[in-house]
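Encoded as structure tokens, the structure appears first; notes follow it.
The letters A, B, C, D and E name the chains in turn, as written, and every chain counts its residues from 1.
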Amino acid sequence: ESLRLAVASNFRPALAALAPEFTRTTGIELVISSGASGQLATQILQGAPFDIFLSADDHYPARLHSSLGGDLPQTYAQGQLWLVSRTAANDWQSLLRKSDKIALANPALAPYGAAADTLMQSLAPLSATRVTAANIAQVRQWYDAGHINTAWLAGSLVPADAPTRFNLTAQLHAPIRQQLLVIKPSPRSTQFITFLLSPDTQRQLQPLGYDPVNADD
Amino acid sequence: MIDAAALAAIVLSLKLAAVSTTLLLLLAIPLAWWLQASTSALARASEILVALPLVLPPTVIGFYLLLAFSPHQWPGAQWLALTGSSLAFSFTGLVIGSMVYSLPFVVQPLQASFAQLDKGLLEMAELQGLNRWQQFAQVVLPLCKQGFAGAFVLGFAHTLGEFGVVLMIGGNIPDETRVASIAIFDAVEQLDYAAAHQLSLIMLAIAVVALLAIYGRKKS
Amino acid sequence: MNGWHINLLTLPQQPDLTLPTEGVTVLFGQSGCGKTRLLRALAGLDPHRGNISFRQQRWLSGTQTLAPAARKLGMMFQESRLLPHKTVADNIVLGQSIPLPAQLIDALDLTHLLHTRANQLSGGEQRRVALARTLAHQGQAILLDEPLTGLDAERKRNALALIKAAGKEKPVIMVTHQLDELLHVADHLMLMDKTRLCDGQLQALINHPLLVQQRGHAFSILCGEVKPSANGFSTLLLDDGQQIRLVGKQHITERGIAIDARDVSIALTRANDSSILNIVKVRIQSLGDADAAYATLELALGRQTLRALLSGHSIRQLGLAPGQWVYAQIKGTVQI
Amino acid sequence: MIDAAALAAIVLSLKLAAVSTTLLLLLAIPLAWWLQASTSALARASEILVALPLVLPPTVIGFYLLLAFSPHQWPGAQWLALTGSSLAFSFTGLVIGSMVYSLPFVVQPLQASFAQLDKGLLEMAELQGLNRWQQFAQVVLPLCKQGFAGAFVLGFAHTLGEFGVVLMIGGNIPDETRVASIAIFDAVEQLDYAAAHQLSLIMLAIAVVALLAIYGRKKS
Amino acid sequence: MNGWHINLLTLPQQPDLTLPTEGVTVLFGQSGCGKTRLLRALAGLDPHRGNISFRQQRWLSGTQTLAPAARKLGMMFQESRLLPHKTVADNIVLGQSIPLPAQLIDALDLTHLLHTRANQLSGGEQRRVALARTLAHQGQAILLDEPLTGLDAERKRNALALIKAAGKEKPVIMVTHQLDELLHVADHLMLMDKTRLCDGQLQALINHPLLVQQRGHAFSILCGEVKPSANGFSTLLLDDGQQIRLVGKQHITERGIAIDARDVSIALTRANDSSILNIVKVRIQSLGDADAAYATLELALGRQTLRALLSGHSIRQLGLAPGQWVYAQIKGTVQI
């Protein structure tokens, strides 16, 4: 027996870390397809055979829900927004001001990009060139290859050796809610959601770079 | 060394490339012949039609194919009615998608090659009593072998590397539509560079062997 | 039944003629006059309008055309058109389920080349392979577009014999510019220029202006009863009882001999001490233009006409006049 | 109707395609000639090398280009030292990326076409006193025009539609690296299908006009 | 200085010879013997080993080779090799910054085709364009590979005159299989078979076995003092005082005349009433094989040799014997 999950690229490593535990306790295999949230949403609209959609934001699940109906989207994790750099700086504002190139995910596509964009707008005008990635993983690739020294990243992607890093999740007016939507209701789907939202599992999210979902969310 | 998932992706890629290229050649050979032989406006229009998919990014072609395959649209609905299964997110769908996308790469070298074939030899062959098929096998094929090799290489390699269309209409489903190119892309996305390098190397090795087989034979 | 009925509206000559069922028809005409186009029209390779039929088959009727393959023709093109990647042997039997035509291959001296690929052949070798392929073709007729260009004299002689033999089996149309080839193989003649095409028996057209203009002087054709070879001679018994003797291995055919007017000289008495074998008594029919440097005389030999090309000087010196009986000395003959 | 950003993306795409295709032809013509004329092992190896990028998905090629362009790697460091600027996120970088990716599509049709050219005509041309360049212009170009048209169409259209490489090394910077294919992709990702349809249609229209110009001329 | 020094180790004939600076050298040999390969070697189109020099230039020395273009040669290939997309005019001046050679174009009857694209030409038209292009080439020598194949007699005559004229300007090497072409233009001869290549003056080689084998019978070449044309004749004054007279527009050149042994007959007495213009007194040197059907007699004519092909029958009948004085009647001649 298996369950088909469509998961946003950024959450895939976390999901891969959680999967063995789920399979061990329930006997259900997870078949994981990952991709950009927008691309997965498009496919689901055209009938892609997934049981559950784990998006990087709350926008796509809402769009899908309005077309497909069913249970309401649920938040399964809260993202952390980090600013990392190879350049030393005392605070994130001065870091942004002295960087010549800043990479972020495309605000139009990714919630991390949108969140980063909001914070940068508050400091406008900045002299840096904004380099926009199609998704948040690409930002990390650019950072890794040395093209970019200052980058907005998700908590799950922060490099362990980055000399300068600021967790700016607290600065955000709205949390980054990663939401899921059940595409094909079934007992197995319910089992998975129960597992993912269980306090045990949520506790494990912290070291993976996500904040657990508040009970009231 | 290589995990089962990676191996499955490579096997799937090879299968997709083999099936698509075979079908493509079957389709492209008569098409290319007609395009170079005919002076009709229809042929000119078809020539353009064949090249058109080229200018759209593959993911966008994939997007339109996804729309076409949708059971809400006429082609997808027809297919569903006929076969009982959907084209999207199936191997068959990938084959069709790869064919649409790779068609110009197979047609163009063939067409260029056919245009340069000495038509006098075909006149001779016809008078000697060779039928269409024999003319193809005994005159066109050996004399245009560079064109065929080019068409095959571009078609096969391109399908192996095909990614945007597959990503869109495949859905990255292991064993069904998760081909090697998607697996490499996934690895890069997951920052698993070691896995990406390894898979890339395997693909390159396969390509070298395949190309050696083609080019080695060709020059002898 | 007949060979071809040809009536083509889409060629400048608008040919309208009927060719015989058998034998070799030579198509003769200046470079660029349209010979290749006519052969191609017969083979169905270009769109045309008109009528062509062969034996009982309609090949072209209006613009309705029978496919080239269905016409079942062997055709040798002006270019050799071999498949470069195939061997000589494979080229020769291409498309025909026949064994290698050993005799043809031998006669065309191709045996040592059978396993050579066609792209390694010299120009003349290519021509011979193409000729072998065409002559081996199992079809109902043969078209040859300048089949003997690029061949040396020895190969040409052999090839001519093969073409002549092929004409005994099925109709052959052959394009050539060479008079010697024409005389050797032509049963029937088509003479073409850019606007006209006329045809007829070799005998009837041998002194047609289109032919004479090309070669520069007249010919005669003499026919008669052929007597088998005896002590080294074949003999052609003419209708007035006189004889023409020919030495050598080749024997006179029923078709007779062709004599170049240049090879005929005139004497007033019969020379008894000359090496010239054939001296015949003839009556001068006409002198031609005896004031010119050269003139072609027509000489009555029984019911046939013999032509002699003499210098005006000789004509005046000998005082030749129409009606006069003289002796014609015939040096060279071509057995046709 | 069309907003300024979309227009800028289209203009940039055309510029990228024009520049890349021009440079590609300059590179591919001598390369293809050498590949078909030489029987050396080096030529066979190069033939394979040229075709290799085909089997990797464009985003993966983009990824490797990203590594190559990196200031930590030799090529990227050299370029930085020489020009003072980085190749990543620049128009120049896109041109190089497009060229790497489209090279086989330009080389293959040319090579097939050259292989079928009657070499006797070149011998004749050389004896008549035509220099290399005149031989190219007066013999090769007119007789292989189908091959050139094919190479140009594949190269140009492919660069117009190029997406994976650009996505990886471009950085989506307006006026610099935000080409039309990226803009369409963005629209699809945002589920803004209307914008995607509109941009796609404009690209197709441009392609039809360009192809008409090429094929129209070719057959006359 | 000399034309070519040729010493090639990589051809089966291993040619080692020196060709004259000027005039036409005819390369004659059976199909497939290697004529085209030799021309290509001279043009530098294939890799070879040996030595070739032309005038003071080294073209090949060991395997070091001068590029074809640097040899500055006009070459007409066995295939016409026209650029199909260019007009006749553009093909003719291809690569040469020269005005259209109006005289050549006129003589080869190409004027009406100047604006036709080469892919619309008949085979013979293509040959003529290729010939015009080669003869118009500004280089230092000309190579012609069977330039006259596919031409009709009239065009061939004109083309031969042009080739002969070209030989006056620079050395020409011409391949042909046709004896009449050879006799008309050859100053020098190269005779080739698969293993041998020998060269020499036309006079010296005219009865070389390689040549006779091809054409089947012997020739004579007679030289002498040429007297200008008077009342319609040109006269060749032989060394023993006898004369050969030729009628017509063409005049005897300094090079003499060629006479086919077939065109010579023998009489024991001088015929006074014959139209044969040229009767010379000769002494029989040798009879050849008089028992055969045909034999070639050698006849001393002053210090020169005249050959006659007679039937064995005639020889026996006339009782001819070596040393005997007889009269030779010469019917046809070729002005060389």
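A few comments on the model shown:
Just so we're on the same page, contacts are C-beta pairs under 8 Å (C-beta built on N, C-alpha and C of every residue); 3 or more make two chains touch, one makes a residue touch a chain.
Which protein is which chain? UniProt says B, D = Molybdenum transport system permease; C, E = Molybdate ABC transporter ATPase.
The structure displayed is predicted, hence computed values, not measured ones.
Counting hops only between chains that touch, chain B reaches chain E in a minimum of 2. In terms of the stated touch criterion, chain D and chain E have no partners in common.
The chain with its C-alpha centre at the largest distance from the centre of chain C is A.
Centre-to-centre separation of chain A and chain D, using mean CA positions: 35 Å. Computed from the mean C-alpha positions, the centre of chain A lies at a distance of 92 Å from the centre of chain E. Averaging C-alpha coordinates per chain places the centre of chain C 26 Å away from that of chain E. Shared interface positions of chain C, defined as residues touching 2 or more other chains, are 79. For chain D, the set of residues touching two or more other chains reads 63, 143, 185, 188. With touch defined as above, residues shared between interfaces to two or more other chains in chain A number as follows: 39, 42, 138, 141. Interfaces, counted as pairs of touching chains, are A-B, A-D, B-C, B-D, C-E, D-E. Residues 59, 63, 66-67, 69-71, 86, 88-89, 167-168, 171-174, 178, 186, 188-191 of chain B are the ones that touch chain A when the two sit in their complex. Remark: chain A residues 36, 38-39, 41-42, 45, 60, 63, 101, 103, 106, 108-109, 129-134, 138, 141-142, 145-147 touch chain D in the complex. Only residues 4, 6, 9, 12-13, 31, 33-35, 39, 42-43, 46-50, 135, 137-138, 140-141, 144, 157 of chain A touch chain B when the two sit together in their complex.
Interface residues of chain E facing chain D in the complex, by the touch rule stated above, are 43, 45, 67-69, 72-75, 77, 79, 81, 83-86, 94-96, 133, 137, 139.
The part of chain B that touches chain C in the complex is made up of residues 120-121, 123-131, 134, 138-139, 142-143.
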